[in-house]
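Consider the two complexes below, in which subunit A is the common component and subunit B and subunit C are the respective partners.
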Partner chain A sequence: MRIVPLLLVAALWQAASMTGLLPKAVLPAFSDVVIALAGLVTSGEIFPDTAASFLRAGTGFVIAVVAGVVLGLLMARVRAVQRAVEPILLVIYPVPKPALIPLFMVWLGIGDVSKITVIALSCLLPVVVSTFNGARSVDEMLLWSARARGTPERRLLWRIVLPAALPQIATGVRTAIAIAIIVLVSSEFISAEHGLGFLIFSYGGVGADDAMLAVILYLTVLGYLLDRIYVAGLRHLMAWHEFAH
Partner chain B sequence: MNSRTETMVSFLQRTLPVGVLLLAWELVARTGLVNERVFPPVSEIALRWAAMLGDGGFYGPLWDTLWRALVGLGAAIVVGAPIGLLMGRTRWAAWLFEPLFSFFFPLPKIALIPLYVHLFGIFSLSKVMLIFTDCLFPIVIFTYHGARGLSAIYLWSAQARGTGRVRIFWRVVLPLSLASLYDGIQVAAVVAVLVAVVSEMVSGGSGLGYVMMRAYRYGDVRTAFATLLTISLVGFALYKVIEWGRERLLFWHVTES
Partner chain C sequence: MTSTSWLSLQGVGMRYGEGAQAALALESIDLAIAEREFVTIVGPSGCGKSTLLYLVGGFLRPTSGSLTLRGRAIVGPGPDRGIVFQRYSLFPWLTVRGNISYGLEEQRIPRAERDQIVGEHIRLVHLEGSEDRYPRQLSGGMQQRVALAQTLVCRPDILLMDEPFGALDAQTRRILQDEVRRIWQRDTKTVLFVTHDVEEAVALGTRIVVMSARPGRIKEVIQRDFDVAEGEEFEANPAFAALRLRVWRSVKEEVEAARV
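Let's look at the complex of A and B:
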């Protein structure tokens, strides 16, 4: 039933276009956008750009999650690491990350490396912060009971602290997914020769509004599905935790 | 240790890592291991920043970015807060709006820049509209969750005294939802500055984002860094001002934790 309001908006849009209330020069009809999207998909034209975008966002995202979880855990359990890293994170936090894109392009070139670096850096912060908060608030009782059984400290980190912090980490990772897509599109707007952001920008630039809206719609659906799959996967993985209920 | 030395020690502990990092930056840039044009010493960036503040030429772009961000944010509050409240208290509004907002939430609103330039022109209007669109989401979502999650006890006690529906809305629902609306505004303020800057980077038209992009194009990395510093400070200051206002505007609010 949740799809009804979305269909309603699409129907209103279509009706406004057909009656001439919304001239096609201002906004193409919804049906034109769907036809353009069908064309892009059936001709396979959109897939190389999808792959290029996902490779960039995915690589940056994976680097950020791995580095962020390790750093967050270390910060929570090793005092010296926390003291060294926390002030630096506080300074980096308010920097709008897409504004770093041109900087990294000057440093690392206009290719994929600079985009991946900015995406990784942008996604890193929510993961570190959520891991740190999660790992810091682990129930001391769990740690005592593991220590009492003679579990070594390093094992404690992987067997107790990490699993207990997982629900909070999962929230940080969800934020990171959204940020990855935002920074990806921004970086592809600023400079790219492939990718979904590039497609939107170049279709918009030549006035092919139906194709531009088709790619935006495609990106929306992909982002929505990605988020749904992530949440569903999480429920499945963390069935043992109250988070899932 | 008396309390003053303790404050000193904790201040040093917090600033030391950043100081070490900046010092390392300065030294690396000075030794000539890296190209100084691309990676200027931090002291020169600080000098350039001070020169920009003194020059006055950059207050125009600063003001452009700021007013765009604030107008977009203001419009999002005016439109978003009623939608969120309505969604939280009436079933049909939740049914209608919730799917729309959750479907379009993962879309990076920045992707709409070319569309908005086409619809609203290349000048300020398209930027303000984009900021409005992006800020609408946190404001609606926070207000919705706040209004939906109100403790029913307050409503019951008002109803028990025979308070009418409209009066309950103004006297109970709205005041109790203000705290979550405020959270939404705080999140949206950061988004507003970010979107203002990115839209200026992509489609120009004065503003700090444009100044930064132009500096990069001319290879003037010092000015670009100084502008980046200003942008970060603007976002941070806005966030802090809103945080500061919370206890003053919502002083009567019961924090339930």
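Let's look at the complex of A and C:
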């Protein structure tokens, strides 16, 4: 049922192209985009770039999740860490991270390191914020309950605070998945020799709009699938929590 | 050591906040509880009865006075004092089995022994068949059974209960009251039970502590001089009815005083 509005948009797009209402110089027909995508997939041309991109995005994302959870927990439990880190995060929050890419390239080279750094930095914020909020809102009674059942202070973080904060952390991680893809493409626009962002940029540069849109469509579908898989995995692994839709 | 000094509260006071905003929750509480007693604390809401329980649990520190259990000062929470809250006793991410096993894992009890103790307690609170369910999949009554078992596996010297059945319907509450009484009689544990329900206080407590409205003081301590048996229709017992009325009048005075 949820696919109906999407099909409707595609049909309208196609109809507009076929009637000439939407000239192909402005936007290629939906069918041309699909044909271009089929070509990219059947020739296998798109897969090395997919691998390169997902390695970058995946590495940055994993670094962000690990660092973000650790930092968020520490901020919630250690006052000094919160005082030291919170102002920095608040300042970094509104910075358009992709705009820092040229700077990172000067520091870290034009290769993968600078891209992974900017992806990690961008993904870090939602993870830190959700972890911090989740850890801070753990009910005091749960901590009391654990203490009364023999949990020493130093183990509370691991035994109670982290699992209790997981549902909130999970929503921050979900946001980070989307951000990783967005920042990945931006970073590959600026400088890359492979990657899906590079493909979009180069096809766009030579006027191959159907292929450019095919890669965008491909990324969109992959991003959507990733999100669905993530949510389905969460519902399975965290059956103890009732997630909102 | 005399038995009356088993759990002892001397001149205990509790003040929340500071300066002009300070609120006195408890004032000069003296209470001695003997081993194997079942003491219920009843009073109007806001009288500090839960605070009193949290002090015994060691979750809060009194602003004056001292608390000792078996002659040793209470300085923090510990598995020698098991607590069941009205809610939030259970860890939502653990199954029934995981929740009951929790305290044993924290005490590093070997797996085989742990499984055996958990199995016994699942039977004790009649949760067979629900071992692998999560708290959110259980009714309120079942959740409190799990909380009870989770507390009992730690073999506490005293069971602290903070309005544990306050959120349950009347029938479930009655069943669980019977269970708690049965466990108390079987293991002859000491129980300190906080409630705002006068009938519950009289049905369970061998001694009933009535507290005054804020600041909470002990208004009177009433000894119940008859037994209540498991499953007994105590409503039919004239002695029960008389005691219930007496406690109710005492509490009602405080409710009215608090309203003024």
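By our rule, the second predicted complex is superposed on the first by the 243 of 245 C-alpha atoms of A that agree within 3 Å, B and C clash if a C-alpha of one lies under 4 Å from a C-alpha of the other, contacts with A are read in each partner's own complex, and residues count from 1 in each chain.
By our rule, a contact is a pair of C-beta atoms (placed from the backbone, for glycine too) under 8 Å apart; a residue touches a chain by one contact, two chains touch by 3 or more.
The structure presented is a predicted model; accordingly, all values stated were derived computationally and were not measured.
Touch criterion not met for A:L124: it reaches neither subunit B nor subunit C.
Using the contact criterion defined above for the overlaid structures, shared-chain residue A:A214 touches neither subunit B nor subunit C, since it reaches no partner.
Of the two partner chains placed by the overlay, only subunit C lies in contact with A:A239; subunit B stays clear of it. In the superposition on chain A, A:V9 makes contact with subunit B only, not with subunit C. Looking at the superposition, the partner that touches the larger set of subunit A residues, subunit B or subunit C, turns out to be B. Of the two partner chains, neither subunit B nor subunit C is touched by A:L199.
Judged by the touch definition given at the top, the superposed model places A:V69 against neither subunit B nor subunit C. Legend: residue contacts after superposition of the two complexes on their common chain; A:V161 is shown touching neither subunit B nor subunit C.
Taken in their complex, subunit C has these residues touching subunit A: 54, 57-59, 76-79, 81-83, 85, 87-95, 102-103, 106-107, 134-136, 150-151, 154.
By the touch rule above, subunit A contacts subunit B in their complex via residues 1-6, 8-9, 26-27, 83-88, 91, 94-96, 98-103, 105-107, 178, 181-182, 184-186, 189-190, 197, 200-201, 203-205, 207, 209, 212-213, 216, 219-220, 223-224, 226-227. Note for the complex: subunit B touches subunit A at residues 13-18, 21, 38-39, 95-100, 102-108, 110-115, 117-119, 190, 193-194, 197-198, 201-202, 209, 212-213, 216, 221, 224-225, 228, 231-233, 235-236, 239.
Subunit A contributes residues 139, 141-142, 144-151, 155, 159-160, 163-164, 166, 238-242 to its touches with subunit C in the complex.
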